[in-house]
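As written, the chains take the letters A, B, C, D, E and F, and residue 1 is the first residue of each chain.
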Amino acid sequence: MNQVDTKIGRQAVMYTFSNSEAEDSRIENGMQQLGWQFGKGKVGSMEFQKIVAAIETLAKRQGIVNQDIYREMHALYHAIIEAMQGVTRGQVELGGMLRTAGLRFAIVRGTPYENAAEGEWIAVAVYGTIGAPVRGFEHEAIGLGINHI
Amino acid sequence: MNQVDTKIGRQAVMYTFSNSEAEDSRIENGMQQLGWQFGKGKVGSMEFQKIVAAIETLAKRQGIVNQDIYREMHALYHAIIEAMQGVTRGQVELGGMLRTAGLRFAIVRGTPYENAAEGEWIAVAVYGTIGAPVRGFEHEAIGLGINHI
Amino acid sequence: MNQVDTKIGRQAVMYTFSNSEAEDSRIENGMQQLGWQFGKGKVGSMEFQKIVAAIETLAKRQGIVNQDIYREMHALYHAIIEAMQGVTRGQVELGGMLRTAGLRFAIVRGTPYENAAEGEWIAVAVYGTIGAPVRGFEHEAIGLGINHI
Amino acid sequence: MNQVDTKIGRQAVMYTFSNSEAEDSRIENGMQQLGWQFGKGKVGSMEFQKIVAAIETLAKRQGIVNQDIYREMHALYHAIIEAMQGVTRGQVELGGMLRTAGLRFAIVRGTPYENAAEGEWIAVAVYGTIGAPVRGFEHEAIGLGINHI
Amino acid sequence: MNQVDTKIGRQAVMYTFSNSEAEDSRIENGMQQLGWQFGKGKVGSMEFQKIVAAIETLAKRQGIVNQDIYREMHALYHAIIEAMQGVTRGQVELGGMLRTAGLRFAIVRGTPYENAAEGEWIAVAVYGTIGAPVRGFEHEAIGLGINHI
Amino acid sequence: MNQVDTKIGRQAVMYTFSNSEAEDSRIENGMQQLGWQFGKGKVGSMEFQKIVAAIETLAKRQGIVNQDIYREMHALYHAIIEAMQGVTRGQVELGGMLRTAGLRFAIVRGTPYENAAEGEWIAVAVYGTIGAPVRGFEHEAIGLGINHI
């Protein structure tokens, strides 16, 4: 029997990399065995705040976070911003710098530490392209934010 | 026949994720079919500059970049710094902020665009953990830097 | 007789903390004894520039700075930006990161150093909440900027 | 009867402002009535990491955080870094920029939200001076970091 | 015979400094002798992206870069952003911080290194004023970005 | 008769560009006619703080600033840091990022505004190379910081 991967960040990134339902299912099964919650989505925008909103909306809709509890939204928000630092590399800005991003994102909530006292953590992974607002004039970018929740 | 993945950034990240020789070989075969150059290594340090140095040294030793040509080293350097932005998320600093990183890194040099005029690009991926200088008090982090070379 | 507090930054922060006219008067009396100039106001916005404008407007209207002299406006501007760094913690941005701020601010112009040659300085303090554009989904934030004028 | 102040950030800042045992006691009594945990300390250094270490050490020693649980140390660490953003205003660096800081800090752990589901939060306040490594060539600085714990 | 200045960055900056056709011609002659390509323009805006766009547009129109090749646009883009870091000093933002810039810019593409293997590099220089949206309430600012192309 | 250039920033940059005594004299004469104070120096280091110190030391030794007055040192310090932002482009760090700088700098104190009420301002210009700690593996960099004094 395969050991399920408990690296919550790697799982989230692999989930954004997956292009096929088969691969999605394989990753989802692993996370389900661990009792973790997860979701994935897509967003493309020159407006940074729309990317934040898209990730928050999916997390709320799929019940990965409880949208009535600020501490959960706070944990998610900081994970998103940290993930987007990897995508934007130095300036948390897109259109204001005349660049746009087309991203897939994954949110995973789980228990990556063996010690039960470490409780739940949330990982936000973002993968896609960033570049000029010209088709194909872009390169890949990635980001990962991890927070206790 | 499988299509080889020409996403240079994803390839570099997958290479840092790989834990087994079998997986390493699978990724390496794909990159070799594309005629790309690549290498992977490990580094752990509280000193940011040691991480930069470790990546540069591997790239030079394995001939992924020509160490006698500044334009190649310049392309690599900026790719490394961009990758480390994803790991450090806002401040390009480790020990000075009382944190340490244990990282695997991969360097891939190839031709990710169909148009031959786009020439060669370099991807630097970094994956591992960042946290307090206390065993286990750390979480995952990732970064990817991509540059024309 | 009480010693009047000559810590211009602390005075400015205390002034933003004050909720009552009694407390306001106590602080104002201290600053008046020192011959200092001061003002306080409120601003809530997702637009960073509106917060800067609100602070500048109050400072000009109350004559704390001379709006016809650029060097005074320059000193004030940098003090405001430095104060807002404490509120925004890493990215001088609000709505673009899908967050909003509700702030009280105070401006104090005075002579905090014993040596008369040190002349006048300006302190801008900002205190309030920052968070999601959802009522109550916010936490406190503070900032202080100090400049020679 | 006075309402106890449940603004955890303001309490932490006031605690760093306090110069007298009487004032300390007044603030501590308020926090004790709320069942909150707290501590205060002093640190002066050109080395940023020493300031982080001093705050972490006090928090651990006084049992404000459980040093065996990474999620608690993670919450504290990010609160410290956010607080120090207000002090350093743009660059999380001291000696490397030829400046030094002399700071008082306070850590408060409590329940600032009415909704019990919001649970515990931690506030780190830092107040003091920053400037050249020359006596008196410094001005005040402040910072506040708040995190769910 | 005068030695032509092969410092590509200094040439670009001098070109932005030049106020007269005579001075322009002198600088242009030097660059032409070196076989370099160049252009200069003007832009004033509170919108950072308009400044990026103005520089990109001139570079494309004058054929300094090949607008059909992403690697050329990528090299130019990063040079522009690096140049604007010198103008904005810490935050890549203008109007969002309630400030505006009036700039002259120069783009030079050439071979600043003796070793032919170092190939072509691009320099973007930006010089002008930055300040409040009030006439005369501004001071000078400069920036230089250099990249291999 | 030539009009003397009252652009304090441009003067400071030109002064760092100058390679000859003749050019130095021409620039110095212009500044002397304006009654301005100035100085120039050189510094090469991987340690950011050594560059700050070298500029401060020259300014003090040549009496451009009064080293006994903090407000003057404060004005100079912020001008230096702003200038170095242009050199370091995003991270105020050198050796910690495995890079080194070889710089010429100029400090000019004068009255660049027609309105006498605008008083004195200070410009710090820095020009040279930044790159790997390998001879010739470097490119040009520039920075300018301007402050009221």
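Throughout what follows, a residue touches a chain if its C-beta (ideal position, glycine included) is under 8 Å from a C-beta of that chain, and two chains touch if they have at least 3 such contacts.
What you see is a predicted model, and the numbers here were worked out from it, not measured in a lab.
**Student:** Would you kindly state whether over half or under half of the residue numbers at the chain C/chain E interface are used by both copies, giving same or different?
**Tutor:** At the contact between chain C and chain E, which are copies of one sequence, the residues are largely different (under half shared).
**Student:** Applying the document's contact definition, name the chain pair with more C-beta pairs in contact, A-B or B-F.
**Tutor:** More contacting C-beta pairs are found at A-B.
**Student:** Centroid of chain A to centroid of chain E, CA atoms only: how many Å?
**Tutor:** 37
**Student:** Per the centroid of Cα atoms for each chain, what is the distance between chain C and chain F, given in Å?
**Tutor:** The answer is 31 Å.
**Student:** Multi-chain contacts only, two chains or more: what residues does chain B have there?
**Tutor:** 70, 74, 90-91, 93, 96, 113, 121, 136, 139
**Student:** In their shared complex, at which residues does chain E touch chain C?
**Tutor:** 91, 93, 95-99, 131-132, 134, 136-139
**Student:** Where on chain D is chain B touching in the complex?
**Tutor:** Counting only chain D, the residues touching chain B are 47-49, 52-53, 56, 70, 73-74, 77, 81, 92-93, 96.
**Student:** What residues of chain E sit close enough to touch chain F in their complex?
**Tutor:** Spelled out, the residues of chain E in touch with chain F are 7-10, 13-14, 17, 82, 85-87, 89-90, 112-113, 121, 123, 125, 127, 136, 139-146.
**Student:** Give every residue of chain F touching chain C within the complex, in rising order.
**Tutor:** Residues of chain F touching chain C: 68-71, 74-75, 78, 113, 115, 117-119, 121, 147-148.
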